[in-house]
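What follows are several structures.
Two complexes follow with chain A in common, the first pairing it with chain B and the second with chain C.
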Partner chain A sequence: MPDLQRRRWANAAAVYCFLLLLSILFMGPFLFAFLSSLKDNPTEWPPSLTVNQLRPANWAASYRLAKQGGGSGLWGGLAPGGSIDFEITYWTEEGREPAPPEVVIPKRVQGGAAAALSVEHWAADYVEVVGPYEISREPDQGGVLTTYSFTLVNKGDVPLKEVPMDLTVPMRQEFVSATLSPNRIERLGRTQSWNNVSSGLLPYVFSNYARVFRENYSVSTGKRLFLLWIRNSFFLAVTRVVTTLVFASMAGYALARLRFRGRNAVFGLLLFSMMIPQQVTFISNYLVLRDGVFGLSRLVGVPTLLNTYSGLIISGLVGASSVFIMKQFFERLPASLEESARIDGASTYTIFFRIFLPLAKPPLGALTILTFQGVWNEFFWPLVVITSPADKYPLTIGLLNLQRTYGAATFDWGPILAGTFISALPIIVLFIAFQQYFVEGISFSGNKE
Partner chain B sequence: MKRFCLALVMVLLVTSAAAAQQIRIGGHGGNDTIIVEEMIELFVRPALEGTGITVQYEPVADDYQRFIVNALSAGTAPDLFYMDIFWAGSLIRSGAVEPLNDYLEKSTVLKAEDFIPSLVDAFTVDGQVYGIPKDFNTLALFYNKDLFDYAGVEYPSNDDTWDTLYEKLEKVASIDPDIYGLALQPEFARFGALAYAAGFTPFNAEGKTDLSDPAFVDAFKWYTGMAETGVGVMPADISQGWGGGALASEQVAAALEGAWIIGALKGDAPNLQYGATLMPKHPETGQRGNLIFTVAWGMNAASPNKDAAFRVLEILTSEEVQQWVLERGLAIPSREALADNPYFQQDHAEAHANHVVFLGASDGNVLPYSFGTYGGDWMQPIDQALAAVMSKQATVEEALQQAQAQLDALMGR
Partner chain C sequence: MRRVSAGRLGEKLAPYVLLAPFLFTLIVFFGYAFVRVVYFSFTNYDLFSKPEWVGLRNYLNIFRDPEFTRAMKNSLTFMVVVTAAQTMIALLLALFLNRKMRGIKFFRAAYYMPSVASSVVVTLIFIWFFQRRGVLNYVITRFQEYQVILALFVLLAAALQFVLVAWEKLRRRPVAIFEPSFLLLSLLVSFMIVFGLVRFGFILPREVAPVDIIWFNTTKTWPDFFGALAFPIPLGAIMLFNIWTTAPTFMLLYLAGLQDIPGELYEAAAVDGAEGWHMFWKITVPQLKPITFLVVTMGLIGTLQMFDQVAILGSQAPRSSTITLAYYIYTNLFPSSASPRVGMASAAAMFLALLTLVIVYAQRKVLGGENDA
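For the complex of A and B:
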């Protein structure tokens, strides 16, 4: 008996191990990419797990520094008259006299020349450095640890958002630690460099995320593009969900429950349109939109539907597969429901809205999720239809634009990774919240849209 | 029905009249969006005040070349658009680009002679100018001063030949086995400048490519030889994507790059103490070689508002706009007069490097970065040969033989 039990336990353990392995396989790359999206250098090789942005000491320091500077601890900033105390420790070998670091506030902004156009006030013009002073010296493993302290003061009358800083020491004086870990170490170890010492906690930890929002703005409207892109995608997805629900349920009901001439022909056409690959109808769809649906849109004064949301929405009002899902569902409902309602004197519309629609919550839920997910991730069609300005892009096209912004000469992967993560978030939330509908949606249609 | 038709015609007339003076400009997305829109805001709008001409920039997030070719053939292309030297030739030959000679003759402010001749030549076909260069880039030798100081070696200079440069790089590379002299991308886009210095031309008198040309072999051996001796290294071998990345990693003392490296270094290695010099001279010919990378403004031959578009073109390529672009460090201007601009004389690395790249366009054997109708297909066999030799998968002779065979097949098509 104990033998059997042991075997049963062993089986269970094997199954769990297998599942664990699978989930690590699937989640591993995802977590790794998330980790990389926080790093200063996401492509560092070999990759390390000790990320500056994930060290609690740095969290505390970034919060404290921003708070001390008179800004918000979470969001950062150096207020007029505000100051920041900074300490840094170097190691020098025995017999070599340690030198105080040269502190420079450079005119620098992340995101290249285009980002520099948007800077109103350079910290370099306002911040004064007081110090550095040597505050302690203690022997350590054949050398000396020397700590210096200095203060950055905002002498201007404007609050500063970004205060970059560079410290340079002579060769062979090694950096050990600082109030806040530097973003990079350069010049064979001589220079320690910070992007922003008054960043505040959130922009410090999620610096790449903050960059995506900050560095993509529209010159003509001055708005943050990334927020606009998210809003556009939401708008398109919600609109398409609504039109899909309305048209798919009505068409599905008509095909399943109403007897009219040509019903089978319509259903046949529907099936036929599902069999044609998208690529085949692609050019004709484009031409239809270009001419404003055979010139109809000219009646309302719009010469073409290209580069408009109306074009995107009209060309995607409802998909044949959504109608199919609803038809299959309505067909399975018992005929007696409809018949008894008819006897009570209900019209077709009453039956549809009062009886069938409330019963159809599960397939409508599934359709909502599948459509939302489909539209949110839609790439090719919006790329062709929506061309300019950048304010109009949905998020997927915006991400492509990020690739241009940060991939001009060398790939700045940080913001690209961060942008991709933000775009994946709504779908992940949706998936976790509505898991069972996803599965149902797949079992309704037999295939995922 | 009659009334309906009438209404339709009316609507048509109204919409076409309203759209008459809208000039659409097509260009790259990303950073260019912000730069061009700022340019329009600061210069174009004020200059066009009262003329009824409005300007809209249409950035292309996707592959730009594909977009413009499709848009031109679909009839939806903007009135003015970016035209990269790399593929401008085939676009011009297709007849989709408006020749500008007539406009230039009439214009009082825009003259082709004001621009650097090698740039204008690159967009001239059969005596007709098809594009006004907006900016350009050439290659220069960018080096890390710290590494040269550490090794106690003199910085590379404009007097360096291949031989003297090699000696300097060799000394720097001897500091440490993990430090190399030159970043060697296996690409004609870098190596080509050296081949041109030796006297190679991509197409000989019969329009064929001859890789057995002693000039080509000479340059090929010098370039790949550095990988063998460890004086140079392919960026991929130190897990970097390109020369700029390799330079930023401080494992490589020098790289052959254009001014685009400046912006990249600002982001990746803002404190790197770099310098730039002209490309080294070939020891025997005494010449430098270089490639010109440039983008021009082209006009859509099917544009309904060509005169208005040319008016906008005049402003976009005017001296004040180019001066603004230069001073912001956004690009290197194509106007010859800006050679003496005070910006270039400033005492900092960025201005100096920009000046070196500017001078590169008119020193030695300089050819545009374009290969007839073959485009990138022409470079591919050479790139492969470079990579094969430098990763020790083939000898120089084998690799060149194979590349020659591929090129013959390409040209025989």
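For the complex of A and C:
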């Protein structure tokens, strides 16, 4: 029946279409938030899918402008003696004489007062404007399009990182296009405003991302906070993965393959602990860390484990669910594995390290991913343990801090969204690379019965 | 001789040596912690001076605290709605994704994406999404503008689908009600007709003022007719994105379960003349029972612990509208402007622990069946 055969193909195609439609529901909010994290104003109304930062014309322009200014095309800058040629086109109705724009290099920097403190040289003090000159005029839809050109020259002897610019024209002279799209249009369309005309390609496209790194300084050490937070999270995640892998496989093996007094009690307590919310036991755990685990930490000269990574690591050496996963795995291996080794007189340790551990690669792989993801995303316990200084925050708590910084008066969503994507990036990369392990991890932890 | 006995002792101690690190965390950070919280719940304690025994007073006090009852209500509403919704959505997604097709793995990964990000990331993105002039309100505005047109589109598509399916049935050919290719055809044709009608001005979208739903900074509840059972709108918003992030995780569990169902069961049923829905209720659902049990248990435990979203929202939503039991415990231990009330926090924590155990036990009785160990 060729007819039914054809229908089967049509059905398959239709299912693909529906699968794609449905994936918009799951990926859509993420993708749209990512697009918006590139925008100058992520809360524009109506929300739009066009992003200046993603237009190839702007990529080329930002690269060219920075290159022409003597800086690096990718990273930007206006070198001493360097100059930037800029063109802008306006539309005026028939009978009105177009006026050249007033070009101002304002003393302005992205990120407000805090960022202004770190500026050493203001472009406003060094940059001279040559022009603007009218270079062309042509009729267009009941009006005229006039193009002006001007040049910005760095007359000082220092390289400038940021060259902001404002152009103002009289009322009813409409902005049409420019060498580089303006970041904002203000005063009912009269003023076109750029954050940095010599930004270079990468800082132009990822300006909100650059702001996250640039504008968050530690009060006490002056270091860049966001880099520290990323490093902290990596350190914590890697350490906890190592302790979890080692200790969970040891405990899982003992619970699964060895007979000893108290085995059932330990396993019972393990199951019980998996049901009790973290918010129950954290009251005592907070105190235990505060007192340095019954004063033991004083032996090494540390009065309290609050606000230390040792505290987070010791309290999270190995989780019950990780032990559970390893126990489930070791239980399923055949008994013959250890029997022959026992006859040969091998010790328990030898059997564990030489025979069982090498077999445990699949669950250990899944556990690595699960633990890394878990620690990277952990919020509640670090919030309790690490309260100050901001240098010590892991990324999740840092993001909360970021939200407070940029959300104090009105929400400046650009850097907040950018920060969330930077923090999600390692997990997304990990997920794409080790997808299979994520799935296995879920089903490993799922085999409870 | 001595070497042998030393070896024997080593062998005897081996399990404990291997278990030692885990036992340390389990006993200090769980066992001891649990016992100590039980003790604290009967005392008056502010973290600094000595605990003072007060008997059951903390338990009486938390029930007199309107904030606690509010938190309990919020937590229970959250638990019921989110667990039910995520379980059903997870099952439906798994059924939809359980096919052998090229590239199906890509779609599984795409659907799972919301689950890999941290609660902070997801919550921040959604706070942005739910802004007063945010994406969600924009989508709702557009939806209201096109309400009539959308209704027309759906009706037209349904009618077309009905005609197509009926036509096939008349010709005595096998066809499902939602035959994908027919559905796609109906949707496309209907879209083209409606698009044409709008394009040439036969029907126009309504003029609607931008929707101004305040999702977070509000004490309103919804739905109105539910009276005291209605949930606060900020909590509803949290529910929405929580379901969106957790459903895919459970979808993976269901997918694994579906792949374990032996195909012969369906073949045998087909021989007996069973149809799609019948097979679903008689084979799929019972076979998935252990998975459902697991998904519901994990869902209940997880939703009762909900804390992150509330803490991240912080002062952006009124306390009473979002407070949960976990957050209540936290804020009693670290109140912003008072001395810590460890006793109250511990009593609330014990209540949360008991509630979790009771609910998990009850659902085991209801759903557990032959899995009751």
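The rule is simple: the second predicted complex is superposed on the first by the 437 of 449 C-alpha atoms of A that agree within 3 Å, B and C clash if a C-alpha of one lies under 4 Å from a C-alpha of the other, contacts with A are read in each partner's own complex, and residues count from 1 in each chain.
We take it that contacts are C-beta pairs under 8 Å (C-beta built on N, C-alpha and C of every residue); 3 or more make two chains touch, one makes a residue touch a chain.
None of the values given here were measured: they were computed from a predicted structure.
**Q** Counting only touches as set out at the top, which of chain B and chain C does A:162 meet: first, second, both, neither?
**A** A:162 sits against neither chain B nor chain C.
**Q** Between chain B (first) and chain C (second), which does A:338 come into contact with in this model arrangement: first, second, both, or neither?
**A** neither
**Q** Who touches more of chain A, chain B or chain C?
**A** Touching more of chain A: C.
**Q** Report for A:13: first if it touches chain B alone, second if chain C alone, otherwise both or neither.
**A** second
**Q** With the two complexes superposed on chain A, say which partner A:45 touches: chain B (first), chain C (second), both, or neither.
**A** Both partners, chain B and chain C.
**Q** Looking at the overlay, does A:315 come into contact with chain B only (first), chain C only (second), both, or neither?
**A** So A:315 only meets chain C here.
**Q** Quick one: classify A:273 as touching chain B (first), chain C (second), both or neither.
**A** The answer is second: A:273 touches chain C but not chain B.
**Q** Looking at A:191, would you say it contacts chain B, chain C, both, or neither? Reply first, second, both or neither.
**A** Touch partner of A:191: chain B, not chain C.
**Q** I'd like to check the shared interface: which positions of chain A are touched by both chain B and chain C across the two complexes?
**A** Overlap of chain B and chain C footprints on chain A: residues 45, 383, 400, 403, 411.
**Q** Write out the stretch or stretches of chain A touching chain B in their complex.
**A** 45, 106, 108, 110-114, 116-118, 166, 168, 171, 184, 186-188, 190-191, 193, 217-220, 290, 295, 298-299, 301, 303, 306, 383, 387-390, 393, 397-398, 400-412
**Q** What residues of chain C sit close enough to touch chain A in their complex?
**A** It is residues 7, 10-11, 14-16, 18-19, 21-26, 28-34, 36-37, 40, 47, 96-97, 99, 101, 103, 105, 107-114, 116-121, 124-126, 128-129, 131, 133-135, 138, 173-174, 179-181, 183-184, 210, 244, 248-249, 252-253, 256, 290-291, 294, 301, 304-305, 307-308, 311-312, 325-326, 329-330, 333-334, 342, 345-346, 349-350, 352-353, 356-357, 360, 371, 373 of chain C that touch chain A.
**Q** Enumerate the contact residues on chain B facing chain A in the complex.
**A** 7-8, 11-12, 14-16, 19, 28-35, 37-38, 41, 56-62, 74, 76, 146-147, 150, 239, 241-242, 244-245, 248, 250, 260-261, 263-264, 266-273, 328-330
**Q** Under the touch definition given earlier, write down the residues of chain A that touch chain C in their complex.
**A** Within the complex, chain A contacts chain C at residues 4, 7, 10-19, 22-23, 26-27, 29-30, 32-33, 36, 42-43, 45-47, 243, 246-248, 250-251, 253-255, 258, 260, 263, 266, 269-270, 273, 275-288, 293, 315-318, 320, 323, 347-349, 352, 373, 376-380, 383-384, 396, 399-400, 403, 411, 413, 416-417, 420-421, 423-424, 427-428, 431-432, 435, 438-439, 442-443, 446, 448-449.
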